[in-house]
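Have a look at these structures, which come just after this line.
Here come two complexes built around chain A, the first alongside chain B, the second alongside chain C.
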Partner chain A sequence: MTALTNHAPVLLIAIPLLGAFAVPLIGKLGRTARNTFVGFIAAITAAFAGLLAASVFGQAGAPSLYVLGGHGFAVPLPSGMSVPIRILLEVDGMGAFMALITALITLTGAFFSFSYWKGRSGGTLFYSLLMLLTAGIFGMELTGDMFNFFVFLEVTSIAACGLIGFRVWLKTSQEAGFKVMALYTLSGLFVLLAVGLLYGQYGGLNIAYLAGALTGSTIDIVALGLLLTGLALKAGAVPLHMWAPDAYGEAPAPMSAVLVANSQASLYGLFRVLFTLFGLTISVAALGWILIVLALLTIFVGVTMALIQNDIKRLIAYGAVSQIGYMLLGVGVGLAVSVAKPDYGFVAMQGGIFHMLNDAACIGLLFFASGAIVRATGTRDLNRMGGLAHSMKWTSVLFLVGAFALAGVPPFNGFASKFLIYEASFKLSPFLAVIAILSSILLLAVFVKVFQAAFLGARQEGLGGEAPMGMMVPMVALALVVVAFGLFPGFFVDRIVTPAVNALWYGREAYIGLVLGGG
Partner chain B sequence: MNGISSGFGAWNPIAWALLFLGVLAVGFAVRSLGKKNYKRGTGQTKVFLSGNEEPEDSAALHVRGRHLYWGMVEGLSGYYRRVQALHTGVLNDYAAWFVGVLAVVFVILVLAR
Partner chain C sequence: MNIGNLPFVVAALLVVFGIYTFLFKRNLIKLVIGVSLVETGVNLFLVTLGYRTGGIAPIWTFAPEAERMVLPTPQALTLTSIVIGLATTALLLSFAVFIHRHYGTLDVRKVKELRG
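Moving on to the complex of A and B:
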């Protein structure tokens, strides 16, 4: 078990990556063999994520290093030194926390897809892209190298574009895939340019090495601006969010949930860059306020745009955009006060990071429920739905759980993280808390609209039919996560959220020291 | 274990859930005080639609998605006209937003040095 745990970082990337290329071969044996294989890969990957998390959180989130190569592969330099050729994966509390989120969403997404995609063609390619996306997301979260981060960012972009435009027979799907491809490429190019600038300046790509070498020069500032904007685009922060409703709306429902995990991986990249790579070498207060302004725009525009949608998936997509704002708000408040490090800065960070996990669970549940609804009714148009609670009793209850959680209604998980964000942002400025709370109330109104339009009213002929067991089980699993994290937030905050926040808030020296020594 | 504290406020969901159950119990107790001698199948149990007759096709009464919050959206039409106009669907515009945000971020970071 210890050996498996030790190799978990690389296995989390390697298993789904190999799985992605093996799926077309296994697919030749038939649908059952392919689905069994995909289920096995998703389950074993989730198990490794659990092992890794248990190991990292068992050591209070302290970073650990995994080295690929380095023994016998060294490039001699004219100075007489030799540089080892190796790939470093560095996992701390934050990386392990993100791996848990990815494992939860990709596992439930894969199992939901078995029923959702039943009877449709192209399943082999679909699962292959899902595995590739999974490998890319894990890679972004576990790598300790900026260039590898860019490579994994591109892997996720390619796989995500394929999944968004997967239904090539739909014009809207093609258009969404094309838009996302163009914007993800733009984002990736700017990240690559930033990585190139840092390499040119410091001659290294390792995050720990760069973090130790950065001086806050003009080149560093330019690189930071490129990284911040590029990653904010891929995270879907307003006003760089315009691809997100198309992408989440047009992707197959279970993949919409996985795309949210993908956006969160970009957000993780942004936080890693701000806290670990740059740390206090730049004006963190200015950066914090940039994040706060982006957060307020994201929250308010996301929610108000959701209110006027009549396409159930686009509506949930705008809801998902708004939740990215809450994460940015929590971390932005933390960053803005990180020099003085008052208590409420740490609490804000706890709220923002906790909300990543809570959002993944409840937005995943909502996208799955919307998939079940679209599958049963054949439409995404709320104006053509009604009375579904008669024929989809369980789906309606599960949708309500997800909606309440996302809107921050107690005692569900969304409230627990938003509570921390409200309280901490109020300490910085009451205006921030007012916008955040009002937007949550508005989001509840948005989901009242969905529930009234889709589920309430008299039974309508030809609409509905309860979701099959294959869809129900992943939805129930996510609902249990929503309820458990809502009823016992203290347990999870103490054990997984606080170590993740510690890794960003206090862990920069330890992260650098693990690679360079002296930490 | 189950609660969280922000240092200046606290949230205990179990206590909240117990309180919620207590309020529910009070609600049921009040409900049980209601009259039980109503007559089924008479006007006493008929759906009341502001005095209008219930149409045979009850699905036609369903308030659809586009009707909900119509007044609110109309009241905010100025805001929505501007925000929707920004969502053009044109890639060039999205790229322009990206460049614009990048420029603003650069200016702020340089000024804050």
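Moving on to the complex of A and C:
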């Protein structure tokens, strides 16, 4: 068991990667064999993520190391060297937390897809790309090396755009695919340029080594600016959000949820860069305020654009964009005050990080429900739906749970994390909290409108019935997560969120020291 | 011949031209060219980073004594980046082909069903 736990970081990347290339071969054996294989790979990956998280959170989120190509997996420096030259995976509380989110969404997404994809062509391509995307997201979250981060970022970009555009017979999916791929490529190149600038100055690519060597020179600031732009673009923060509604809206419904997990992984990269790589070598207060301004714009634009949509998936997509703003707000408030480290800064970070998990669960639930609705009605246009509650009782209840959670209504999980963000941002400036609360109320109004348009009203003839069991189980699983996190937030905040925040807020020295020794 | 910082200037110019093309051109193929230009600029920047004046290829076996070597890591980075660039360019161009098939045009002003 310990051997498995020790090797979990690399297996989390290797297993889905192997799966991605094996799926087309196993697909030749027939659909049942293929689906069994995909389900097996997704389940085993999720199990390793759970194992990794259990071990990391068992040590209160202390970082652990995995070295590839050395004579032992825990020896970062070859004898006589002071620079880490090998490929390192470094997992701390934050990385394990993100791995949990990814595992939750990819597992439920894969199982939802079995039923969603039944009777349609292109399934083998779809599962292959899903596995590749999973491997890339895990890679971004677990790597301890800036260049590997870039490589995994590009792996997710290519796989994500494949998933958006692989249905070449759909007109809009090609448009979305082109737009998203072009912007993702630019974002990746910005990151690569920044990695080059850092390498040119310090001669290393390892995050811990670079963090120990950074001086905060002008070139460092340029590199930070490039990283901030590139990663904010990939995370879908306003004003670089124009790809996000297209991507989430045009991808197959279960994959929209995985794309949100992908955006969150970029957000994780941004937080890692800000807290671990740069830390206090730069003026963090100014950066914190930049994040806060981005956050308010993202929240506001996301919600107001959701208001005017008639396409159910595009509407949820704008809701997803706005939630990225809440995460940025929580972490931005934390960053703005991270020199003095007051209590409310920590609370703000808890809110922001906790909201990543909550958002993944409830946005996932909403996208899955939209998939079930589109499957039953054959349209995404809200004006042509109505009366679905007659034939889809359970789906309507689950949709409502997701919508309330997203809008931050108690007792669902969105409230638990948003409340922490409101509370802490109010202490920094009441204006921030007012915008955040007002936007949440507006979001609730948007989803009440959707619910009324799609589910209420007279029964329409000729619609499909309730979602099949294969769709229902993943949706119920996510709904249980939503409700559990909403009812017992203290339990989960203490066990998994606080170690994750500690890793960012206090963990810089431990992260560096583990690789360089002593620190 | 000492060329000093000229490669860095060229790399920066390539990136700027690429971003200009990406922002202001209307043809999808030209957008792909813009992205490629940025990519080439970044690759040139990486190779230049590792260059040492008068350096030889970084291969230890049979290397002449007391010679300077260029840095191997940026070359490895560049190779990886070129391979990734190949994949992204291929994907972008295939999207452009399908867009042309569906919309009958490559003009971005006419390819805009997804708005707002």
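Following the convention adopted for this analysis, the second predicted complex is superposed on the first by the 502 of 519 C-alpha atoms of A that agree within 3 Å, B and C clash if a C-alpha of one lies under 4 Å from a C-alpha of the other, contacts with A are read in each partner's own complex, and residues count from 1 in each chain.
Definition applied: a residue touches a chain if its C-beta (ideal position, glycine included) is under 8 Å from a C-beta of that chain, and two chains touch if they have at least 3 such contacts.
Just so it is clear, the model here is predicted, and its values are computed rather than measured.
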Worksheet entry | Which superposed partner A:W394 touches (first chain B, second chain C, both, neither) | neither
Item to complete: Applying the touch criterion given at the start, work out whether A:L226 contacts chain B, chain C, both or neither, answering first, second, both or neither.
Response: first
Item to complete: Once the structures are superposed on A, label A:I308 by its partner contacts, choosing first (chain B), second (chain C), both or neither.
Response: both
Discussion item. Tell me the contact category for A:F147 with respect to chain B and chain C: first, second, both or neither.
Written reply: second
Worksheet item: So, does A:L189 touch the first partner chain B, the second partner chain C, both, or neither?
Response: second
Worksheet entry | chain A residues touched by each partner, larger count belonging to chain B or chain C | B
Discussion item. Show me the chain A residues, by the header's touch rule, that chain B contacts in one structure and chain C contacts in the other.
Written reply: 178-179, 182, 186, 305, 308
Item to complete: Provide the residue numbers of chain C that touch chain A in the complex, in ascending order.
Response: 15, 19, 22, 28, 31-32, 35, 38-39, 42, 45-46, 49, 73-74, 77, 80-81, 84, 87-88, 91-92, 95-96, 98-99, 102-103, 111-114, 116
Fill in: Interface residues, chain B side, partner chain A - complex
1-4, 6-9, 11, 13-14, 16-17, 20, 58-59, 61-66, 68-69, 72-73, 76, 79-80, 83-84, 86-87, 89, 91, 93-95, 97-98, 101-102, 105-106, 108-113
Worksheet item: Okay, in this complex, where on chain A does chain C touch?
Response: 147, 151, 154, 157-158, 161-162, 165, 168, 171-172, 174-179, 181-182, 184-186, 188-189, 192-193, 195-196, 199-200, 205, 245-246, 249-250, 305, 308-309
Response to the item:
So, in the complex, the side of chain A touching chain B is made of residues 178-179, 182-183, 186, 190, 216, 218, 221-222, 224-226, 228-229, 232-233, 239-240, 242-243, 282-283, 285-287, 290, 301, 304-305, 307-308, 310, 343-344, 347, 381-383, 385-387, 410-411, 415-416, 419-420, 423-424, 427, 445, 448-450, 452-454, 456-460, 486-491, 493-494
